[in-house]
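Each of the next two complexes has chain A plus one other chain: chain B in the first, chain C in the second.
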Partner chain A sequence: MSISATASQPAPLGRRIKRFMSDYPLVPLLALLLLLVLVLQIMQPGIVNQRWIANTVKFAIPLALLAGCQTMTMLTGGIDLSVGTVATMAAFIVATQGVDHAAPVAMLIALVPAVLIGFANGIGVGVFRVHPLIMTLGTSLIGVGFLQVYQRTVIAAGAKVPDFLIWLGTGLTGGIPNALLLFIPVAALLIFIQRRTGFGRLLYATGDNERATRLAGVKYWQVILALYMFSSVLAGIMGLLYMGLIRAPSLSLAEPLVLPSVAAAVIGGTSIFGGRGSYTGTIVGALILTVLTTLLTILQMPEGARRILFGAIVLLVTAAYLRIVDDR
Partner chain B sequence: MTTSPLLDATGVAKRYGAVAALKNASLSLLPGEVHALMGANGAGKSTLVKILTGAISANVGRILVRGQERDIRSPAKARKAGLVPVYQEPSLIPDLDVLSNLRLTNTPVEPFRNWVRELGVPDLDLRELARDVPLAIQRVLDLARALAVEPDVLLLDEMTAALPANLAERVLEVVKGQSRTGRSVIFISHRFVEIAALCDRATVLRDGETVGVVDIVPGVEERIVELMLGAKVEKRRVTQQRAEDAASPAGGSTRIAVRNLSVGTKLQDVSFDLKDGEVAGVVALEGQGQDELFAALAGSIRPAGGTIEVDGRQVRFSHPADAVQAGIAYVPGDRTEALAMQQSVRENIALPFSAAFRNWGPIRMGKEGATVQGAIERLQIDTRAQREVQRLSGGNQQKVTIARWIAADARTLLCFDPTRGIDVGTKQEIYKLLRQLAAQGKSVLFYTSELEEVQLVCDRAIVIFGGRVVDILPVEIADEAALTRAAYGLPRDAKADVGILADVHSDPVTRP
Partner chain C sequence: MKHHFRRQGWVAGLFALLVALFILTKFIQPNYGAGDLGSLVRAVLPYAFAVAAQTVVVIAGGIDLSVAAMMALTSVTAASMMAGASEEYALLVVPFVLAMGFALGAVNGILIVVSRVPDIVVTLATLFMLQGAALLVLGAPGGGAAEWLKSLVVGTIPLPGLPDSVTAWIPKSLVLLVVLLCIVWIPLNRSKLGLSIYAIGSSELAAFRSGVPVARTKILAYAFAGLFAAMGGLSLTMSTGIGAPIPGPYLLASVAAVVLGGVALGGGKGSLLGPIIAVFVLRLVRTDLTLLAIDPNVTAIVEGSIMVAVVMFGAFITMRSRSS
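For the complex of A and B:
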């Protein structure tokens, strides 16, 4: 069988591997993840057990959720840098409103800024054609400003994180993180949107060739507005979950995750130029980054050296991955 | 000829990969001469001009300036050798003021000012940003900038196309003045009237080769048209294709009625009907307003005046979505304009299905799959590499752009040169498909740059020249010769004795 395949397809082996990788970009990613886990196990035998896995998953989930925002926006050639601020606002507001309100009400209030910022992003990018980088950076700064003002009004009231969020963020059931209860449906929804809905198709097509979608009758601003609102609400939900995991409200809670979320999407094979990528790849990307962080932690290096190494590895992996997968 | 030529190019060829843009072009320019360069679309005029002015370099060929071989392999070197072009598109940098633009090219300011005044623009502020200068004036500034450096050879590519009549007149006078001072001009134009008024000789290109050099005398336009067409000039009878679909309804109801449509500066005043069950050809030289016509019908740009009626009701498209809603689909000639190259064949064909907001939900994959498969089979798209459209051949890509609208069941197709750059077999399939669509009662507006396609596909030919419909030819007489003549604005039955060139002396342009 392999002989006949070779006979009918005289393409050189390297080229065929490349095309295979391009068609199944998840394969090299999973291989890399396994390799990292293997290295970890060799360096510190016995570390890879169920508890470690649960812990890794628990910390990878918030990153994967934020990276979901990046994947969706990057499909259209955009980016959403306001996700950190949106998540932080949601987290901070749910903790402070949790003092006076029931948990569901507090959570709903917490998502209001997410909707507003998403709307502003969508109008800015979709209607006024501001570059997404600038638009989301701008709304992000405005959001931080509002949060500081808000903090002064509630400074005396204290904070109370709803118990449900703590259960969801940190709890384990039979050794399995409860956060998966939120994550699995969200991930399934994202993947479904990307593969099986008209909206998902339009994200890919818009990122690939906006002019072509226009000629096909697609109204750009509608797609972009819906996209950035979706992204923002997703970031808000991630903020709620992250609050339950960290349990200490701060004004920069989720900010450190913003750039890793971009990195996770890029490592996962989503093109920042649009039209290419999938959320499954992003999930693996988030796992890779989380495992890599653990790996660098146990190396017992100074913080500075760790960051240098982290950055260098992210660059190398992305460059290598693009070379393997890019079929041109 | 006793005088030696100012510029002498022989055996010039230029290839892009397997495509020969220029095979064997030659051009000999005498001092003090205005020389027309003519040829049908794609004959190689622009390529030759670009080579002569250093924008691109030729693969082979000898170019002598004043009898000496000069290095003209960059625009700066060509300039030094005395060859200065004015291209079709304005070349001022929009974000710089006029003065800075002059400094950029080392153009002396005082001569420039004088030329601008001479060309009929008395009050130019050199501090004005180029982008704030009206388009027509920008063209004049381009010309003045070229004149200011006193070039030996001035190359004008469609200089007068975007100019209002009064400015065009001044430009022609100035060009004529150039030749009196012993300088030469190479003049590209589609307008016989201008060429008659201005030029001494014409070099005719066909398929990348120089096929003739003629003196401009009254009645020569027939000869030029013959040269441009080559052997194809003998009449061909209406082809078998038509006989097959004799059943196609000739008297369908009017689908689209265009009245006095004007768009931007290019399309002036166009009226015609498109009926159900017909393929109407649109024939025009490059840049006569056909792009604007199609864009307006597709809802991409808004007309400046006139009306479009669809099924008897007046419409105002503000977005292509409105046109799609009305069942009008635009198939651009440039496939990269229509396809999402990294997506699959299926996603590209199904793209219009999800366009409207109400269709953003879950896709019924089974139904979509069947529709897409139907379209793929109908167009016989080779889907071996269907995962990404960019892996398909050009012809198959072009089929996908059409299949999309077959799947969406559009009632009217606006096909803009759909067969450009694809193989012969695919061309035939597309012809057949368009005829089938018409037989089903759909309507097609079909712009083509390959004139022989008109008789293969169309029911009649709408000829546009200078932004106006100059003629509507029934298919029986729309052979290449008739179409070419019409496309150059010559009257349908013109023969040498009643040719436009005979009226040269009554033309106001030539009056001193």
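For the complex of A and C:
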């Protein structure tokens, strides 16, 4: 009687909820997102309609794309802080080259620096084993320098954002943002890579235990090189999309999104030390941050107070989430 | 022993590089003299304090992304408190701001210890919070600074018994920097706390098992970083006479100089001397490029390339020594 009876005794409710949440880490995140939307609706009744949702999604997509770079690199225990510069370069170059060249050519030219910076990052991190934080900060510094020099050579030519990018970035088809045409395939690809391909498994494996992975015969530098080039190209594509959304070229276009992109990945449950995380969580994280920004804007607080709240909430959510998931 | 030699070798190499750069500077600009040295040190001051802050934290095995924001907050606090106030009042402002930096740094540490969130994420969050606080204190660049504070970083120190031609080469700002760093760093380095900081950076688990109070040490390491950041903020107010709520480029520079100075990002290794020399090297490179009349935008490319090249070189050397 005794053994089987104690085993079948239901665990306390709190513990069961906690276990459920750590089994399905997406549930508490989605609950938080719904809660934020609810608060928004209560504070400003009627704001949550189809147009608002479309707008939120439109602004969450660039953030989610950049956070995708962070998620991928964080899986191996790295981080890519050059994404802001790469995206800005792509955006600025496509706008200025759009004057002389056809849109597809301009877009291809715009992605060249992305490939180069990704290659440099990959070589530095993978072959020379520089800390990713330092390497990507360094390449982004170099990138900013090149961009400023480039800007002076084209300053007279003016700028023209290709119509296709504006359509993609700002357009709506039947109330649904066109940007989803780009985002859904990209997100599907990222999730597919992470879950179903050998490359994805190598990313988790290197993040989990790099030494063991090397001993198992994995060419570490090849994985890292491919990873950072992929991340950089993704950031470049995000830059093109963001140019279509903002439509005003500037030299610091995507920089303000870099730190939030790290925050989005971390809120979404990706471990900054590697080996754990998924892109689905990151997407919800990006949505949470976007809704949060709207919420703080509606509160009509001074800019300073808004930033304080933003930081506090990011910290709180991450801490609470880690408590729930790390059931050890 | 061999390791010890290698670490000293890195700092010695950096110092040689610094000397070579000074000679190069003199070669490019034969007029480069004592006055230019003074302005170099004045420009270095905020960077040096930011680097000192980052060094303490990195040795303890963490990283502090909020350094620049902390400097902005302490700078605007000092500037807005001193605006229109009497000279004597500033005597109270300085210790208050330093204590504030120490306390805010401790808050960083407490948040890291209590929330168990990685350092980089916590300080990222506090970066936003400190930035916001700085904007609340002072919406736009403004405020003021006491005259005696401003005069602390201008001019030279007259030493009795030495001719002017010698004292001209000892700018007040350099003395200020060395004195402040030594006052904090040497007792810290010699104390049990200093040893504990190296211990938790080297291996937190091993330190914990040897009875090092890991949580307390980590909090204090961040608190000292906050203290250095407050000195950096004060030095900004001293040299500009105002406070600006937007953080300067000090975060990136501090991380770069720490790595260049031979402090391992994993923690537990390095000292303050290397990073401080590295800051001088980086600033002097910038001066040289300006003297050579190179486009300031190209300067950013050169700086970034130097940083990346040096870091790659350092990583390459460690790799070679590990495999041999």
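Rule of thumb we're sticking to: the second predicted complex is superposed on the first by the 309 of 328 C-alpha atoms of A that agree within 3 Å, B and C clash if a C-alpha of one lies under 4 Å from a C-alpha of the other, contacts with A are read in each partner's own complex, and residues count from 1 in each chain.
The rule we apply is simple: a residue touches a chain if its C-beta (ideal position, glycine included) is under 8 Å from a C-beta of that chain, and two chains touch if they have at least 3 such contacts.
Keep in mind it's a predicted model, so treat the numbers as computed, not measured.
> Quick check on the superposed pair: does A:Ala188 touch chain B, chain C, both, or neither? Answer first, second, both or neither.
A:Ala188: touches no partner chain.
> Quick one: is A:Ala248 in contact with chain B, with chain C, with both, or with neither? Answer first, second, both or neither.
It touches nothing on chain B or chain C.
> Taking the superposition as given, does A:Arg307 touch the first partner, chain B, the second, chain C, both, or neither?
second
> Of the two partner chains, chain B (first) and chain C (second), which one does A:Gly198 touch, if any: first, second, both, or neither?
In the superposed model, A:Gly198 contacts chain B only, not chain C.
> Should A:Thr213 be classified as contacting the first partner (chain B), the second (chain C), both, or neither?
Touch partner of A:Thr213: chain B, not chain C.
> In the three-chain superposition, say which chain, chain B or chain C, touches more residues of chain A.
Of chain B and chain C, the partner in contact with more residues of chain A is C.
> Is A:Gly138 touching anything from chain B or chain C once the two structures are fitted on A? First, second, both or neither.
After superposing on A, A:Gly138 lies in contact with chain C but is clear of chain B.
> Please output the residues of chain A touching chain C within their complex, sorted ascending.
Against chain C, the touching part of chain A is residues 79, 120, 124, 128-131, 133-135, 137-146, 148-149, 152, 259, 262-263, 266, 272-273, 302-312, 314-315, 318-319, 322-323, 326.
> Spell out the residues on chain C that touch chain A in their complex, using ranges where they run on.
Going by the criterion above, the answer is residues 63, 111, 115-118, 120-122, 124-129, 131-137, 139, 245, 252, 255-256, 259, 265, 295, 297-305, 307-308, 311-312, 315-316, 319.
> What part of chain A is in contact with chain B in the complex they form?
Touching chain B: residues 23, 192, 196-199, 201-202, 204-205, 208-209, 211-219, 222, 226, 275-276, 327 of chain A.
> Could you please specify the touching residues of chain B with respect to chain A in the complex?
Listed in rising order, the residues are 298, 300, 319-321, 323-325, 330, 332, 336-343, 347-348, 350-357, 359-363, 365, 387-388, 404.
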